[in-house]
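After this come two complexes, each holding subunit A, first together with subunit B and then together with subunit C.
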Partner chain A sequence: MLQQPLLEIKELKTHFNTERGRVTAVDGISFHLEEGEILGVVGESGCGKSVTSQSILRLFDEKYTVKYDGEILLNGLDLLKLPMSKMQKLRGNDVSMIFQDPLSSLNPVYTIGYQIAESVMLHQKLSKKAAYERAVEMLRLTGIPAPEKRVNDYPHQLSGGMRQRVMIAMALACKPKLLIADEPTTALDVTIQAQILDLIIGLNKEFGMSVIFITHDLGVVAEVCTRVVVMYLGQVVEEADVEELFARPYHPYTKGLMKSIPQMDGDRSQNLHVIEGTMPSLHDMPKGCRFASRCPYADEQCKEQAPKLETLQSMHKVRCWHYEKIVEMEELTYADASR
Partner chain B sequence: MKAFILKRVLALLPILFIVSIVVFLVIHLTPGDPATVMLGDTATEEQVKALREQLGLNNPIHEQYVHWISGVFQGDFGYSYFMKQPVMDTIISHLGPTVSLAILAEIMAILIGIPLGIIAATRRGSATDQSLMGVALLGISVPSFLLGLFLVLVFAVQLRWLPVGGYEPLSEGLLLHLKYLIMPAIALGSMQIALTARMTRSSLLEVLNTNFIKAARSKGVKERHVIYRHALRNAFLPILTVLGQTFGVLITGAAVVETIFNIPGIGQLIINSVGRRDYSVIQGVVLFVTFTYVFINLVIDLLYGVIDPRVRLDQK
Partner chain C sequence: MLMQVDKKHNTIQPIIEPSKPLLEVNGLKKHFSVRNPLGRLEATVKAVNNVSFQLHEGQTYGLVGESGCGKSTTGRTLLRLIEPTEGEAIFQGRDIFKLRKDEFQKIRQDMQMVFQDPYSSLNPRKRIGHTLEEPLKIHGIGKKSERVDLVMDILEKVGLRMEHFYRYPHEFSGGQRQRIGLARALIVNPKLVICDEPVSALDVSIQSQIINLLRRLQEELKLTYLFIAHDISVVRHISDRIGVMYLGQMVEDAPTDSLISNPLHPYTQALLSAVPIAKPNFQRERIILKGEIPSPMNPPSGCIFHTRCPKAMKICKTDFPIIKEVAPDHFVGCHLY
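On to the complex of A and B.
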């Protein structure tokens, strides 16, 4: 890799102080993001994907609840070492974020125009008038009809899909280099979901804006992302290009996720595949492989020793002791079945 | 908007009507005779009888009520034979001290309670937060008469900085006015300050946990603006409710403090009137207080709309 990546996360750990003691919600995450790339971060609820994304912007309360370790390099600048005032200048200007729930992510007592214009006035020192003009422009860009009128609306006067567009307009108002989208379509219905995804892909192509796309929906990942990071219990368990991952998933957890996607043309008499068991609590972290208790291939070694993230050919990374063996076994059963 | 206010004012009428009946009955059915009180121990039975006749107290009770309430509808709240003046004049002359006291206490609740609540909320869990909330708990628990007496002991008796009691109207100069009112206002307002601080803290903490605050931070809004611009305005509805309700309490519930500091306000008026069985004054004051309560609530409801667009009435 000759060029410096836009974002590089090295061994990020996010610790929370809770009443029951300190938990490490993100435990040694490393990944990078090239300019213009859409990176998917996938995992089930509670795997630490949202914590990772909010750690990039340092949105947690560092005085009392959170401690970060590791490095988050944005163009080589370590965000974790920046003073808060510098961090505030960077938020919304260089790195923006869209949240999961557009219904609760807009301030109910201010007009959407004000909320979009706010960051423009803040970061680009535009006049109020120019900032509102930018807000109208952003609303038009995100496909809101009659933006000149809508700009004076309050959030409660808009539908869910429109509010998510407003969130996107707000996040993009300063043309950031990096957009972090934390499950931006989860709260929306399917048709709106497709529109929002198209919008994000379009903006990525048009402005070369890099995107970290956080989701639990592998279908969305296949549609949107170029590369995928799979997370489980605060760790990266697999990382690969999107085609590679869907063609050859190595980690048993990724395989499980893939099998859990409902198929339109699947056999309806068969139940949908589920990954047995539940994620262990952060207070009660297993000693060995974190997926061992739910893994059909787990043995003594898995329970005792934690595997490392290994880099295979073609930049495919996987954290599993037995991935080679499992692939062989599956090829055998596949061969058996086809014989 | 106008329709809303009109509706609220009309809704006031049945409330006042019910209150008037209850007050009237309670007063007239309690033992005790104003004629006897007025004439004193030395009066003969004939004198008492004559006075009762003169005051209309021998008529059936429903006739007395109709007589009174029809006067009220014409703006005549009756005549106080003890004060030797119309009831309305009596109320107005006692209103000044009470309103001054209530406003001063309310200002303290706003200027002290809200900032303390903000400080506690933004330093949640710290020693500052815990000690502030401890003091607030004390403020709620200590009764106003105890605090009042304590203040008198320290600042009037020992230090001799402030007068023990009494009242000087605003027309005598602001400084003198405040000199007499500051101790009663603290005694009366300590609970409102504490309540306001606690409500501000909890309401602000709730708002600070919402997604839109996180979103505001993610836009790069400075922490100060996150608190004052984004969070506080959202947190203000419950604070406003507390302020409004406590203002009603301040107007009506100052009786104890007014008695301790010998302030000729509404509270003292009603206590004295009950002692004298001055029927017309008691009825007038209770009606007036009811009206004040409902009126303040109406103002609060209208203020909600100013703060929160979701409850605005004149929406397209």
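On to the complex of A and C.
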């Protein structure tokens, strides 16, 4: 029997009630995460990648605004069916999360030591003293100099990179099985970003911690992740191993994204590739393929019928009617060009 | 035309004749004083300290560096949105820092700015057409009816439609708003446009649209850009020459290809090695810098980078490195050279 994955999301839908009616920000997402894996979730703003991650922890107000469908299985346990009290025990203990903006996620009136120790005292019933020792140990692990002193600092006394380290220390204090990192380095400078990415990869190797890494930056994905899920307008459009995805992207959106980032060794005299148009609004969802309005290959079928996520060989999944045709066409133009 | 032999590629290349710079910045300084609640001077933040560079007509000068390095302050002082502390900026033969306000106002038509966040730089209560007409009124260009035509023209040029004239900022997406920001800068026919992180707030697919637009307009309207950004791959794509700033100082200044293929300053080397590359298993030596940028209130003595520099020597702690031309047209401020 195959080993059960750590996390399995099946047909997850997250609906929001808004003033303008019900909106489905995440529409039938399925993916899984093996133990010790770093899974990248990529997409542009509004594609539902953050909503997916916050749905895993059920962070939205379920009384009024949000309704979930589908299953989120953590070690076979469906999180969407758990009572809130059980969910509370799980957050920060089995699954933790780091957010993009560390300043707004830290409480300004408590020392960082207290904030790290709090989750340890709560979940693992350690004494205050032992919890503070754990806090110092975690700060040291994340590379903060002089952690014995820093533990008594308030968030405003730290720089952006340090705050993100504190967030990571806090998320890891209970040694979770799964870390969800939602754009953890987007607000940071490249040299600091490199430090944080190194830290996350190191912790993944050392403790076998699984990571869901949410980002819009394909460069970061290539450096950190082992497998990648590409999202567009609330759906998964492509999924593959990182090497496979970068070598053979099938979906026109993935292809477009890869071509539109300026490369460090690209030809500067050429114009950048452009994906025409903008993402449609969630209130005005296209009937067929959601990318059809911006896709250079779209035809009548794409506008009318929504394609399914198909699994190809080597676990490469793609949601497109014409991926085979597009590959053939590209091979032809390539052959023409080299002739 | 003059020719020179490119030894590396064994080809003969024309030497691009040095055009006269459109803007020449010499020894620009901007110091902010930090006062305690009683008004006593506590410290001076040297946000920009002795920065010099030249912008050539029709070219793009990229200014890169991490947050707090003073690249935005540099851009703003050039338009005197912030008054500089010291230094000169020669624009068409005149030092713009010495001009009286009314004299400078005339020159401002030739120097425009595009901001990072187009939403907060557009008045939410004004229709787009109205916002775009404003610079024309200020500079006294055209009659009322002509102005509307000019606005329509510029809307089309930046890839918007005429009907957008009557819309409000909130009706536009981020990419469209940046097009409006660009239209507002270009409507008075400037020579120099200072772009302060014009694409950092945009998604990848929209970012490439705006970059292509910037390049197309540069060619059409013979614009000169000062392109300020932290994303090095974007700056590399658009710039002819790049200056790297660290803690208020220019540490390296070179033509783009020379800077990218042969970075000389240890900071530039670390910065380039930290850029994530969208190629899995891409092999390279990554230089991870220790620590973070020191506070500009209390910058290190000697070379400002010595606290984080992997190649720091004894002299770096005490002596300030002078900027030297190490390779042809490639300037570096470092004791290694």
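Simple rule for what comes next: the second predicted complex is superposed on the first by the 338 of 339 C-alpha atoms of A that agree within 3 Å, B and C clash if a C-alpha of one lies under 4 Å from a C-alpha of the other, contacts with A are read in each partner's own complex, and residues count from 1 in each chain.
FYI, a residue touches a chain if its C-beta (ideal position, glycine included) is under 8 Å from a C-beta of that chain, and two chains touch if they have at least 3 such contacts.
Here the structure is a predicted model, which means the values were calculated and not measured.
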Per-residue touch tally on subunit A - higher for subunit B or for subunit C: C
Partner chain(s) touched by A:Met97 [first = subunit B, second = subunit C, both, neither]: first
Touched partner set for A:Met264, first subunit B, second subunit C, both or neither: second
Which of subunit B and subunit C A:Val109 touches, first, second, both or neither: first
Which superposed partner A:Leu73 touches (first subunit B, second subunit C, both, neither): neither
Partner chain(s) touched by A:His156 [first = subunit B, second = subunit C, both, neither]: first
First, second, both or neither for A:Leu57, with subunit B first and subunit C second: first
Subunit B versus subunit C as contact partner of A:Leu312, first or second or both or neither: neither
Intersection of the subunit A residues that touch subunit B with those that touch subunit C: none
Residue ranges of subunit C in contact with subunit A within the complex: 66-67, 173, 175-176, 203-209, 211-212, 215, 230, 232-234, 236-237, 256, 260, 270-282, 286, 288-289, 291-293
Interface residues, subunit A side, partner subunit C - complex: 44-45, 145, 159-162, 189-195, 197-198, 216-223, 242-243, 246, 256-258, 260-264, 266, 268, 271-275, 278
Residues on subunit A engaged by subunit B in the complex (per definition of touch): 54, 57, 59, 64, 84, 88-93, 96-97, 99-101, 104-110, 118-119, 122-123, 154, 156, 167, 170-171
List of subunit B residues in touch with subunit A within their complex: 124-126, 210-212, 214-223, 230, 233-234, 307-310
